[in-house]
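Lettered A, B, C, D, E and F in written order, each chain numbered from 1.
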Amino acid sequence: MKKTTLIKSGIAALAIAASGLFTTNPAFAQEAVAVVTETVVATTTAVVEEAEEVSAIDKHWEGKTGDLAMFTVNNLWICIAAALVFVMHLGFSCVETGLTRSKNTTNILFKNVFIVCMGLLAYAAYGFNSMYPGDNWTIPGWLAIGSPIANGFGGADEVANLTAEYNAGYTYWGDFIFQAMFAATAATIISGAVAERIKLGPFMIAATVIVAFAYPITGSWEWGGGWLSEDFIDFAGSSLVHAFGGYAALAAVIVLGPRLGKYLPNGKVKPILGHSMPLAAIGVFLLFFGWFGFNGGSVLSANAPLVSLVFVTTAMAAAAGGITASFASWIMLKKPDLSMALNGILAGLVGITAGADSISPWASVVVGGIAGVLVVVSVIALDKIKIDDPVGAISVHGICGNWGTIAVGIFGAGSFVTQLIGTVAISAFAFVFALVTFLVVKAIFGLRVSPEEEEGGLDIGEHGQEAYPDFVPNK
Amino acid sequence: MKKTTLIKSGIAALAIAASGLFTTNPAFAQEAVAVVTETVVATTTAVVEEAEEVSAIDKHWEGKTGDLAMFTVNNLWICIAAALVFVMHLGFSCVETGLTRSKNTTNILFKNVFIVCMGLLAYAAYGFNSMYPGDNWTIPGWLAIGSPIANGFGGADEVANLTAEYNAGYTYWGDFIFQAMFAATAATIISGAVAERIKLGPFMIAATVIVAFAYPITGSWEWGGGWLSEDFIDFAGSSLVHAFGGYAALAAVIVLGPRLGKYLPNGKVKPILGHSMPLAAIGVFLLFFGWFGFNGGSVLSANAPLVSLVFVTTAMAAAAGGITASFASWIMLKKPDLSMALNGILAGLVGITAGADSISPWASVVVGGIAGVLVVVSVIALDKIKIDDPVGAISVHGICGNWGTIAVGIFGAGSFVTQLIGTVAISAFAFVFALVTFLVVKAIFGLRVSPEEEEGGLDIGEHGQEAYPDFVPNK
Amino acid sequence: MKKTTLIKSGIAALAIAASGLFTTNPAFAQEAVAVVTETVVATTTAVVEEAEEVSAIDKHWEGKTGDLAMFTVNNLWICIAAALVFVMHLGFSCVETGLTRSKNTTNILFKNVFIVCMGLLAYAAYGFNSMYPGDNWTIPGWLAIGSPIANGFGGADEVANLTAEYNAGYTYWGDFIFQAMFAATAATIISGAVAERIKLGPFMIAATVIVAFAYPITGSWEWGGGWLSEDFIDFAGSSLVHAFGGYAALAAVIVLGPRLGKYLPNGKVKPILGHSMPLAAIGVFLLFFGWFGFNGGSVLSANAPLVSLVFVTTAMAAAAGGITASFASWIMLKKPDLSMALNGILAGLVGITAGADSISPWASVVVGGIAGVLVVVSVIALDKIKIDDPVGAISVHGICGNWGTIAVGIFGAGSFVTQLIGTVAISAFAFVFALVTFLVVKAIFGLRVSPEEEEGGLDIGEHGQEAYPDFVPNK
Amino acid sequence: MKKIEAIIKPFKLEEVKEALADLGIEGMTVSEVKGFGRQKGHTEIYRGSEYTVDFLPKIKIEVVVTDSVLESALSAIVKSAKTGKIGDGKVFVSPVDEAIRIRTDETGDKAI
Amino acid sequence: MKKIEAIIKPFKLEEVKEALADLGIEGMTVSEVKGFGRQKGHTEIYRGSEYTVDFLPKIKIEVVVTDSVLESALSAIVKSAKTGKIGDGKVFVSPVDEAIRIRTDETGDKAI
Amino acid sequence: MKKIEAIIKPFKLEEVKEALADLGIEGMTVSEVKGFGRQKGHTEIYRGSEYTVDFLPKIKIEVVVTDSVLESALSAIVKSAKTGKIGDGKVFVSPVDEAIRIRTDETGDKAI
């Protein structure tokens, strides 16, 4: 009963998100087709016309083969970078799975699959245009109401969208796909922090709301030309993506509470070990790989000096973070802790993200190195105050996201105060929005699985599907 | 005895495939070197001459730096796309391994390793030139007999092969490597469907025959300028690659029969659970990633509007497929089934492949979304009629490959009837060719391992090598 | 006590490597910041100035959009190739982890994480400038003392470093990041061969010394314009990277000795099985993928004919190696051995690396095919002489690295004798340097864990962290 | 009260369980074990070196029964686990002094 | 000397161990098993087909004790393992003839 | 007939098996267990929090023997499993009433 209601709500939320343009509920598939057909036919016609109109684009580039080549390589890089950012979602999935128990593996993977898919759709339906409103602000500099991507397509003049008239670095589509891949990241960060105890349906609803509505708001402040866009510097999103996700995760964890048995009555912390170090390591390496797209693509063109500099600063900060976290854990915890070394790499990456294009390579080593220490201290400190974050998401993305933003005010081109204001504003907004969202969702649907389900694992509880069922005699 | 004969036959098949140009049997390695030397010396000379002749290429581009830059970025994208398609083979390996039992893991991985390697070699030796025959048709529009890649190399004029004279989008080599990576995909699809019960040697022979001879035939119909090339639209191969593989898999499964214990005497279906959900999820994410190369590269240049549009439609369809399959399984099967969500993403990807460049983004959501539902229904339906496909390959690639092709007739630039004819013709050819191949191989070598081996696992039976042997005390 | 000393030494080594520019010891973080600030401020100023000076770069390209586009696509490819080479480190990690026992998994992953991070930092601090000394040789043609990367940044004229004035194919940064990714590879190769018995701290020190000081020396001989750079041909490093790593690994294994229980008193070899075939296979596929960047990027531009030819020869050699190793193991060992097939792919890749741009595709099949047989024979032979190499690193990288280099003298543009001299010189230097390094480290710190620790696993012994702890009741 | 320990081939578990259930036996405990017996292992080659896999995967079923059903349980197990081929496994019977159901504190035959 | 075999719910292991330790019991052996009992498994659906998971994950604790502590050990186990819900598990007691400590060759009660 | 249960250090399995085989003992069953004993576990730190690994990996060997070989089997096990260091493990002997070879229906000593 309740489950069905839940699903219906989920569908409803999605349907709203899609502004009525499409629905994902298969039961309504036929209706959906009908509903969609009109729009589709319209846009299809547009596509066909575009094909015929190709000459307009050709005309645009006539006699400018050099410019066309530049535009082509720029746009190609944005697309490839989008694919690399996509890989980060696999990275997140692996890290989260590896650092939690095997009985919750199916659930974690399912959440990650959902988030990527939902994120792309929600961003198309709403986020993209509300994050980059142009002049269509609802509250100037602070809030814009988006309109579905279809607008940008069906109605637009192709030359204006598909050539350098749109942007020297990419077409409208290149722009969209790169930004869309970023969007889901915020929810993925939350997913790790709330793992092993959150109800699937409510999580899906809350994550959808945050990705669809909250992420574009702070995004518009800086990248969309809003109130932070003048002096605040957040190159690829230490604050806008990572701190955003980290503080939303913090709110979620506070509402949700720690995993059973993590904090003992005697005040001791009982660690709950992750079940697969290879998965965690694969995840971090893939995140490192994908980050070349995340930061490198944020140059928003293939500009040779900048892209190559960004690759260098990104790699150097990650390396420094990995090294300092290793030694920090070795010294502070007696033995070199692989999970900390891995978190250290991520910390370095998050740390350099705000200033990857404006911080010198050796300064990036300092930024990443400090992030690597910060993450170790932060992970330990959060456990002290009973904030239970199985994968270290709050420390990696929240704390190091703040640090990275501020670091631009120290080592980069930014002003310390502006950077501080910006990162605090973004983190605070993310925290409050997520807090309200999770509280509301909790009030309506409940947020936490039963203790029995938590003990037995969410794989059985939510999915009836073990992740490693090989010794399950079944009939 | 028999095993040796088998191996010899395998070698023979390969030797034929290579048109006598090379042999992979190490026992004959010395002879092989002798045999090959002549050709090699000839082609090597060519390479050297090319090096000296570089001026000819330089001359070709003289004063056309813009054109050269365009050609360079185009060709680079084809190469990178080829590498991304290569990653799909890792994706397939992981999905297949994850969705089957651990006792057959080594066997599945070995088959996948073999297929990629063999596919590349066979395509070089025979497939490439028979798929793109130019004017050298044996039966015009229907069949061409290939000639080894060496011809194209040693004998050709370099300027003609290595500049835009060959193609505005790529060199001869770029062309080859991109197409070669596609070729092995068909056999990989079969590999998943016949997993956990097929004899290794016979599978290798059948897979080689299908990849080397059958795939280029249907390929030539459309992409090689054959009878389907006029009006039929199959952008990146919903039919030519996926439906082809899916229906070949169907034939193989029919000849082979279901796994022991899957269909109970009482008519019930006993599911055989996959042994590692993380592997399955990693596989699907990697396939999603690689698909950006599969579809994006099929633009056959780095054309900015088209490549970026294809990235968008590809991602949107995948996302929609993942979402609808999740909800479809949730509603129809009571709980959200991760393996279905994963299949749904693949379904969306297969579905959009035929029309990725001609279907609008919102229509691609519909195409992918329908594919996601289709795959769930199809997986369940195939089990009803006792077609045992451990990984859902027939549903994902066959059924959704058909759907995707037809969808171009609904939402894209194609005609419904032509699309239907095309996909049916390709699927039918693949089915019949594979049926005959597997029946012949079965008659000669037998196709199925003994029940004892099936119970004990093919890892021990075929390879004497457990995939996870850690608790095997051995001396 | 001793442990602390060890750590201090590690830090000292690193500190030296960084030429005093930074330190990774978190305990000294504050001091470090202070120490670094001066340099950082200086370089930061430079960055800012660069931003203002952008016009100088613009001026450089004025009226040359075609050239700018070429430079941009070239540099982009170098960057993307660097990212692909990075993926190879994940590949190595997976292969090594998969082919060893689960009780040493955390340790192996930690070593690999360390190597990548340390390699990048050490190469920046010392290796890059000593490998490419320009005219600053200490012993002309044989040895150069490097200077930190910062020099190249802070002091340099931006136009000279960030345009085609630096190189037609890449900026200074593109150059650095691509070469830096290569550097760590040598140590990663060693890591596999010494797995399951080496002490962590001493390994870290030895690996750092070899990567930081030895690798740039042989590198400078050929790629840095040294005594081998005239006639010797080693396109992407069959000798300079792979044989170097392989022979350094051989030295390490000789100093270290075999794993307990590998070679029985009765002269028999007791195989120690790898614990996860999926991990090993994932690793090899990722290495294959990354190799497109390793070889393709070594064209040092996006030159269409060469990059595409390199993609083809690389793929064909890998495929041939996989096939011949499969059949070689099938014939020689009765059953097709997946681990050998995987090693065969790597053997083919290593084999073609020296001549990927100068060997014709069919000749590359022969080169790769021979490498595939060689690796099988070599793995078996090394076990006969009690050289215990858990992952086959010496055979894959050492033996096949030699073969690949010599093959250029047979099938490619090189002279047999020169190639032989070059590969022997490089291998011998690597062997001797590593031998001395490991002997010294052994004398000072000890090199081998205790038999108890070896039996219990290095995960517990060195890290106190199991890789798969799920059935560990802990409090 | 007796404890029956049966070491069987893994794929026979389902059948044995059903056979016991048919007798009304409602509880049993199963584990994965490795067995060494007449069914000699197999010789394999890994990377060129031969080795013998002595221990083969088996399933151990433990079921505590009242004396009255012992005989029928034994014959049910033997019948359903038999393939007639080497390696079918063994059944051992041993005395049990007491049984307790944790949930209810019931003891003796009632607890089984 | 008696051997106690307790089949319990996995998350109760820690508590049971503590309860035994409190009695001064210094040794025990634990393994992962699957149990079949009154706590019927659950019906799941995988890719469209229903199946029953009959066997649920349990932990088996084996502890050999002297006759004198048997009673207190039993009640400690029962008390600490109880949730009162179905599936709590069972405890079986069986005779042991002899015990040997490998390290010292000690036998009998001293070896426990 | 007696059942010997030996809890030993994992890396000693091979030696113990050989020692038993030398006595002509042809069957045994082995499983992975975790042991708690005098050999106190170790304290580790994971992400900053300390915890004790109480249970150490051990191997359990179960072998049912005729009364006549019991003594020699016991001493073979003890001798081959001994390292003299804490944690060597224990051997327990308990009565077995009956043994059946599933393949042949043989019972008693012949079935072992």
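Simple rule for what comes next: contacts are C-beta pairs under 8 Å (C-beta built on N, C-alpha and C of every residue); 3 or more make two chains touch, one makes a residue touch a chain.
None of these values were measured; they are calculated from a predicted model.
> For copies chain B and chain C, work out whether under half or over half of the interface numbers are shared, and give different or same accordingly.
Because under half of the interface numbers appear in both copies, chain C and chain B meet with different residues.
> Looking at B-D and A-F, which pair shares more C-beta contacts?
A-F
> Report, in whole Å, the distance between the mean C-alpha point of chain A and the mean C-alpha point of chain D.
Going by mean C-alpha positions, chain A sits 51 Å from chain D.
> Centroid of chain D to centroid of chain E, CA atoms only: how many Å?
Spacing between the chain centres: roughly 18 Å.
> Counting in whole Å, what is the centre-to-centre distance of chain A and chain E, each centre being its mean C-alpha position?
Distance between chain centres, rounded to whole Å: 45 Å.
> Could you check chain D for residues that touch two or more other chains and list them?
Answer for chain D, listing residues that touch two or more other chains: 17, 30-32, 34, 44-46, 51, 54-55, 94-95.
> Please output the residue numbers of chain A that touch at least 2 other chains, ranges allowed.
Where chain A meets two or more other chains at a single residue, that happens at 64-67, 69-70, 73, 76, 80, 270-271, 273, 276, 282, 332, 334-335, 337, 339, 376, 464-465, 471-475.
> So in the complex, the part of chain D that touches chain B is made up of which residues?
11, 34, 42, 44-46, 51-55
> Touching residues of chain F toward chain D in the complex: what are they?
Residues in contact with chain D: 3, 17, 26-31, 64, 94-103, 105, 111-112.
> Within their complex, state which residues of chain D touch chain F.
Counting only chain D, the residues touching chain F are 2, 6-8, 31-38, 54-55, 58, 60, 74, 77-78, 81-95.
> Spell out the part of chain C that touches chain F in their complex, as residue ranges.
For this pair, the touching residues of chain C are 455, 460, 464-465, 471-475.
> Write out the stretch or stretches of chain E touching chain B in their complex.
For this pair, the touching residues of chain E are 44-49, 51.
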